[in-house]
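Please find the structures below.
In what comes next, subunit A is part of two complexes: it sits with subunit B in the first one and with subunit C in the second one.
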Partner chain A sequence: MAGLSAVLLKDLKLELRSGQSTIALVALSLLILVVLVFALGNEGVRGPEGAAGALWVALVFAGTVGATKALLAEGENGCLRGLVISPVDRATLFAAKMMAAAIFMAIAEIAAVALMVLFFNLEFDARLARIVPILALGIVGFAALATLLAAVSGRTRAADLLMPILAVPMFVPALIAGVKASAGVLAGRPLSGLQAWLGILVAFDIIFVVSGYLLFEQVARED
Partner chain B sequence: MSQVPVRLRGLAKSYGLKPVLRSVELEIAPGGCVVIVGDNGCGKSTLLRTIAGLSRPSGGEALLFGEEAWRLAGPMRQRVGVLSHQSFLYPNLTARENLEFYGRLYGVPKVGAAAGRWLERMGLAAVSRARVGTFSRGMEQRLALARAMLAAPEVLVLDEPFSALDGEGTTLAVALIKEAVAQRTAVAMSTHGRPPLSGFEFKTLRLVAGVLKPAALDEAGREAVTGARTGLAGSVDGGTVGGFAQRPEA
Partner chain C sequence: MKRALTTGLGASGSALLLAALGMVFLYVPTEATQGIVQRIFYFHVPCAWIAFVSFALVAICGIFYLWLDQQVWDDLGYAAAEVGMVFCTLVLITGSLWAKPIWGAWWTWDSRLTTTLILWLLYGGYLMLRAMSEDTAQVARYAAVVGIVAALDVPVIVVSVRLWRTIHPAVLVTRQGGHGLEDPRMVATLLVSIAAFTLFAAWLLMLRFATLRTRTRLNELARHLALNELSRRGEE
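Our next item is the complex of A and B:
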């Protein structure tokens, strides 16, 4: 636990100092929402499904940038190597990096939800509270997947290109489930009526977290 | 501890089809110091990375305390200090924050006080609150040395420890290595030429074509005596070297 908290607190301190990831994520989320609002145009399309789609597109792109930045920051001065040969086991390192990415994504998502309400003419009401667990599941799953893939792609010269190519297709099933569940909630349906979609999200969270936990050691080590 | 801290058995390392290390044999006992010299690109850093567990051997074994270095368990890693070409320091953290962070990872007790002592020792106390990104290369190297030695490791792997250091820094680094050897730390280090070590026994080996050979260097760092044996480099125990040229004083 000492290793996990040391790495996580170090990441948060670095982020507070530079603000690089959070600013990039919030700006990217804003840009995506603005583009989609103008692209969707009339009020009919800009309903719950449009809002949910915009929110999850923002989540995926923000998560891709956030996880890549969180891990690439370790590339400076070979810091990732310093962590890999430290007494902290690699699974704990994965957990710390995943939690840092999830926190950065959550901050971006808070901003994205506020902007979604404004741009899509929604209300700040109970429906927003019900979307929180859905987004939380999405954030955990995507943070786990993106952290693992950032470690893979970080070993190549085309890290920025490789990351979305790998991450987005693998996340598609969870993305569909997240969009459907979010749209249902924004349309006023209770969470109990969306169990099938939530089940898919939970299943993919388990797959991504367990895969990352088991594979990070292999990925982080040099050949 | 009965286990030999560093033992290489038939160690080989290739990148693709290109062999870098071929059947390297080496043992370093507690209090032993081995200096590996060689030309640029001869594989010194690869050898030290493999000893440190950063790289997996293509053949043979690199053992630390009797376990394979590349999959050494977390608690065992507490006993190994590594200085690489890269400093492993975060540019956006201060010198003190960097040492405290690594101190926590390595379970150093009273980490704040320990970091303070090391900053004082390395002549960096005045800049302890400055971010490492503002440091000169020499200052960063001093801090990286402190990071590697912070947890009083039983094995020290030092890749070019005198790189970028000025005269004072080099004297300081030599004193630290000498202290570590006196405390029975096993030291494996590399330099381009003649190591500026003095006051204790160490063994110099030259890496040629992926094989360690015994070497005695003249004042200019050239090989004065060329070892004829290849492969087996014998063992080092507190400077007691069997069968190879050794220099009690540099």
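Our next item is the complex of A and C:
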């Protein structure tokens, strides 16, 4: 527990001092939303379907870039090696890294939701509260997946390329479920009517959090 | 022994493939509604079967590699991923060729097509990871982890894609499956074709596996030589 909070607090403190990841993630989310509005045209982006799609595209791409960046930062000055040889077991290391990634992504998503409401002419109302658990499930799943895969691709020749190539196909089930559920609540449907999609998100989170927790030992090991 | 097995697989696989080809073009009756294009089905289904078995093998080898830490499991997993990728590509190509005259489109976002495409992307990522890194034990562990996680992801992909398609049905969601084969000659052709492709793929797997084993041995030799050289210089 002490190890977990130490690593997590280290990441948060680092972020609080530089603000790099969060600012980059928020900026990137904003840009992705703007690009999508231009790319899809005025008609294409109207309504909850377009808004939910744009929100999740922002989540996937901002999340991928954020995870790669966080990993490259650890690579500098041998920080990663320091973490690996510290008396914190690997599973705890995974949990701490995953939580840090989830927190940064959550901050970026809050900004992205606010921008989505503005850009897509939605209302700030109760429907936005219902999107919170859906996004939270998506963020946890993506953070787990990205933390595991960033460790996998980190020490290869093209880490920044490999990370999205591995992460995006694996995230497909959560992406489908997340977009459908988000579009549902933005269209005014209650969460109880979207149980199938929420179930897929929960199953995805369980699979990746558990397998990341168990397999991180294998990828963080050094020979 | 191993060489005899490889040769036997190659010979029997080639012979059966020729037989399957003969049956597909000369023996089996033409399907009534779809016509001649339906014959691609006898190649399409065996390819899909090989692709799925290979990808399962990648995950199984990954588990054994992480568990036992023996290089042989990594080599077998790598070979299986390559063979699986070839046949998964063939599934997508033969499927497209069939879909154009039957569905009127090369591609539809039907649940099976979508799932196969995502599988293809997943294992393409696996092979890119291997191509972009050195042959170290660490990369072998990375690949094992990716193979296992990808396989765990497959059930969720299948469920989510199916749900995605049933809520918004495509123009054609039903397609002819194995149960649509009324004529016993069709069943016979399909079975011979599956047997032929299985032997052929096993042969490819053995060849690739043997190459990778040789590579592993060469790497070990090179490392050994380098160590010897170092200790010799140290003595001087």
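Definition applied: the second predicted complex is superposed on the first by the 219 of 223 C-alpha atoms of A that agree within 3 Å, B and C clash if a C-alpha of one lies under 4 Å from a C-alpha of the other, contacts with A are read in each partner's own complex, and residues count from 1 in each chain.
In this section, a residue touches a chain if its C-beta (ideal position, glycine included) is under 8 Å from a C-beta of that chain, and two chains touch if they have at least 3 such contacts.
Owing to the predicted nature of the structure, the values given are computational and were not obtained by experimental measurement.
**Q** Based on the superposition on subunit A, does the combination of subunit B and subunit C result in a clash or a fit?
**A** After superposition on subunit A, subunit B vs subunit C: clash.
**Q** Once chain A of both complexes is superposed, is A:Gly53 in touch with subunit B (first), subunit C (second), both, or neither?
**A** neither
**Q** For A:Cys79, is the partner it touches subunit B (first), subunit C (second), both, or none of the two (neither)?
**A** A:Cys79 sits against subunit B, while subunit C stays out of touch.
**Q** Once the shared chain is lined up, is A:Ala196 touching subunit B (first), subunit C (second), both, or neither of them?
**A** Touch status of A:Ala196: second partner only.
**Q** For A:Ser18, decide between first (touching subunit B), second (touching subunit C), both and neither.
**A** After superposition on chain A, A:Ser18 lies in contact with subunit B alone.
**Q** Check whether A:Gly3 is in contact with subunit B, with subunit C, with both or with neither, and answer first, second, both or neither.
**A** First partner only, subunit B.
**Q** After the superposition on A, what does A:Thr156 contact: first (subunit B), second (subunit C), both or neither?
**A** A:Thr156: touches subunit C, not subunit B.
**Q** Which one hits more subunit A residues, subunit B or subunit C?
**A** When the residues of subunit A touched by each partner are counted, C comes out ahead.
**Q** Between subunit B (first) and subunit C (second), which, if any, makes contact with A:Pro133: first, second, both or neither?
**A** neither
**Q** Who does A:Leu166 touch here: subunit B (first), subunit C (second), both, or neither?
**A** It touches subunit C, and subunit B stays clear.
**Q** Contacts for A:Asp89 in the overlay, against subunit B (first) and subunit C (second): which applies, first, second, both or neither?
**A** first
**Q** Subunit C: which of 92-100, 182-190, 200-208 or 218-226 bumps into subunit B?
**A** So the stretch of subunit C colliding with subunit B after superposition is 218-226.
**Q** Touching subunit B in one complex and subunit C in the other: list those residues of subunit A.
**A** On subunit A, the residues that contact subunit B in one structure and subunit C in the other are 221-223.
**Q** Taking the touch rule as given, give the residues of subunit A at its contact with subunit B in the complex, in rising order.
**A** Its residues touching subunit B are 2-3, 6-7, 10, 13-14, 17-18, 76-79, 81-89, 221-223.
**Q** Could you pull out which subunit C residues touch subunit A in their complex?
**A** 66, 118, 121-122, 124-126, 128-129, 132-133, 136-139, 141-142, 144-146, 148-150, 152-153, 156-157, 159-161, 163-164, 167
**Q** Could you list, by residue number, the parts of subunit B that touch subunit A in their complex?
**A** 49, 52-56, 70, 73-78, 80, 82, 84-93, 97, 101-102, 104-107, 147
**Q** Which stretch or stretches of subunit A touch subunit C in the complex?
**A** 148-149, 152-153, 155-158, 161-162, 165-166, 168-170, 172-174, 176-177, 180, 196-197, 200, 203-204, 207-208, 211, 215, 218-219, 221-223
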